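Dropping the structure in here first, questions after.
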């Protein structure tokens, strides 16, 4: 079934304004589905709660900068070695963004539970010695281990309404190849009711069938496929191009106050279509492309 | 910050010195894992593999690849280049292994705040509900309670980072001290080392409080004391951290062709 | 660290007689670690409890035929389209083999829990409408879901003392490539205290590093690597050779009573070294090899 | 067992007829999954994909590959050849999706015993503690309670297989009937079809008991009644199952070049 849609239509059709729980794929400055996120901002879709991978980055920050996020469930939002995410930090410090404090293991296991219809996930001993369960009673609790009688930590299942994900390539049916690290993107796809996928390129199904073991997102989980070459910029697209530390640093300096952040959003997102944006970054993107020798690692060909 | 000279390879940087100090604590049978912004531990692991610990396993916490080749060292733990490695795990695999507690022996940790008992905080300074400073978040630090040995590194040694008690416990060290630590009966072995731009520190085996071990070349003990926001245990004799050898430096420079550690 | 050992020494060193919980990899007639299993029989190692993948086959049946298994935790033992496993069936019917009745989802999730130090795993609604939890109270129970107040199904974590696994190739450190389907073998490796690995061939680490994304078992989980070309026979070795339905059928007809089964074990296992056995099957194995065009699907080369 | 002739491609086999009947129940938007010994469902899915349901997804429960190309059909659901497919999942992925309950719409089931309410038993005949016959085990059948539509197929239609009540419940159908089924409030839609070498059967919407739908060419209604160990609902008019068309047969034969279905 052809699931290929233009960017604007994918967002229009599948992301209701005020969506309950939306999750964004990628981790740190890699594989952030920025084209989808920019379109969410252009269409001004408010999000009740945003869930990041264990390490959110520009994917979370830009939605926060646009003022679209009411609550965020995360274990990290930042730009790793480059610095802190200014709007994430400022909106929490000023009390305008509510945090559901999580840790990496809970997000990972919680998505497993959400994907598998598990009522909750029992967690290893240890988290109770941190302050995290104390400040997030919605996601962390305790119950009795019936095999030992002990009280143990448990986490709530994570079942996003919508996942925005990036993959290197897909066919029109949504069978998709993640070319590098999978992070928790596959579990987001398995756990979410609706999955929107942006890809560097759409290829024929025959191309996909050549490397079935590298194609780890089945089309039946995907609701829309959008072709957005360069769509992860300024984050990296594994297999295609590196992240742009200069652009991130520029963003950080512009967004150091609310007005700056609004200006950045207006200039680079709202006042430009995605195509126009791609044109402005085209030259820089060419510099960031991985060398010719670097092939997407998942694309093995099966002979015979 | 370049502080000293050694030979034709020098001057060495503090980041390079820190990498060397971390490398020394790695054993040939360790399985180590690093998280966010881990250029220094990356280099430490690769240096150890190329010198005294060829069988050391090193996991990049972002890509979850095992023994990345690091040619050159990269700035992000999720970098595509880290996938040039021996083995690939998924993030779920790595989180599982963290929970298992008998496989991973070394975790490289850090914090916005690090307290006298080696507890770390990456979440918030001040009251969590109204933070004076919001940090990025804890990522995998709660796993500290389950790992064999915690090696802490930080680029900032000052009284804001080193505090008597973390405002928010996001990575358990020795908790509130010996009684608390014993009662908790955690599978992990607790923090073993703290490396900063000023010194290396360990923990007093009785009180489990942080104890100065060595001061880096050119650093005075009083300078460390003043930069530390709690009563640091200070032995009578505090040796100077050895400078990186030229062999160590030449290995590091061959890995770090982009000079990520060199200037800092 | 060089973990390569001769077959006999690997079993001698790592499998104590009377081992508590031993698990065997592979599923149905595929990737059964038969060389390791035959050696366990030659060394007459008794096993308190055997855990299979969701579908055990010759791996479980041969150990049962040799009279080494006291209890079996499984959701299936049989030869799929070829027929039932005669000794498994007979020993349960006669009461000499105790079964811990499981279902596929529990085994899969239970290994996840065992691998991750989770105290138990909450299971989706549904299993309580079968008779399985009623007859296996050691592995299935219920507890309170603190998020809803509901009583829910839970399963105990599975933490094998020893896993016997097959992989297509590995280096001397135990970094291993599963060439085809991974079944639950990787989770067995993640959950087990000791892992013995048999491989079709040992290759240099440089060869392994060429396809890191296909190398999904890290050496630090592996305690011994044994080179056993043909070591899955009469089951298949994904990437190398197909299973031998004729040999399975022959076994079924020989093992249709206890005496026959003992005779088979004596003739084909106890009275032969693994090398001798491989010589007797060499010609048949050659017929079963996948064509030259069939390359192990996991072996993609990463360039650059 | 070859029973009839059709045209130059014939005679068709009962297994081929069963595959055709299963294929008819598959929709273009289905995501189907099959388990152990699933040659007939494999062919049914591929036939449906090549005719009325090109977008149907078919998951091989062993390898967990999606849309295996099936050239030729293989006997084992874990066959290496099934990895020639569109996508690869892991077994954990598939088990997760089974639990999720809103993704997989069709499961092909079977049993040593199948009862009047479509419950299946692959575990044991007689008392579980002292079984008269031990079956192989239930594998994924408990998942029946969560799947959209259950399509049951079996090669044996006799009074040992079709019983009033399964001795051991290993795959829930309509449980103990309407009240029980309603009270259970399961996410799955229950069994929809049973195909045997004699006939096709559905379920009475009021009583949820098995009801004869069609008898295969050459089979009498009384023959089905006698081969069924419970009171089968039998409507006044029972049409004959259509023979496979020559188009269907030529597709099947092109897939099944090893003749796995042909002789049976």
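The letters A, B, C and D name the chains in turn, as written, and every chain counts its residues from 1.
As a working rule, a contact is a pair of C-beta atoms (placed from the backbone, for glycine too) under 8 Å apart; a residue touches a chain by one contact, two chains touch by 3 or more.
Here the structure is a predicted model, which is why all the values come from computation and not from measurement.
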Number of hops, chain A to chain C, where each hop joins two touching chains: 1
Centre-to-centre distance between chain D and chain A (centres being mean Cα positions), rounded to whole Å: 39
Rounded Å distance between chain B and chain D, as computed from the means of their C-alpha atoms: 57
Chain C and chain D, separation of their C-alpha mean positions in angstrom: 28
Where chain B touches two or more other chains, by residue: 65, 83, 95, 98-99, 101, 146, 187
Chain A: positions in contact with at least two other chains: 109, 112, 116-118, 123-125, 186, 212-214, 290, 294, 297, 302
Touching pairs - complete list by chain label: A-B, A-C, A-D, B-C, C-D
Residue numbers on chain D that touch chain A, as the complex places them: 28-29, 31, 55, 57, 65-66, 69, 83-89, 93, 95-103, 146, 187
Touching residues (chain side chain C, partner chain A) in the complex: 109, 112-113, 116-125, 141-148, 150, 152, 154, 156, 211-214, 290-295, 297-304
For the chain C and chain D complex, residues of the former touching the latter: 27-30, 54-55, 74-78, 80-81, 84-85, 88-89, 92-93, 95, 101-105, 108-109, 112, 123-127, 129-132, 135, 180-184, 186-187, 236, 238-239, 242-243, 245, 290, 294, 297
Interface residues, chain C side, partner chain B - complex: 1, 112, 115-118, 171, 173, 175, 186, 190-191, 193, 205, 208-209, 212-221, 302
Residue ranges of chain D touching chain C (in the complex, touch as defined): 36-37, 39, 62-65, 75-80, 83, 90-92, 95, 98-99, 101, 122-124, 128, 130-143, 145-146, 168-172, 175, 184, 186-188
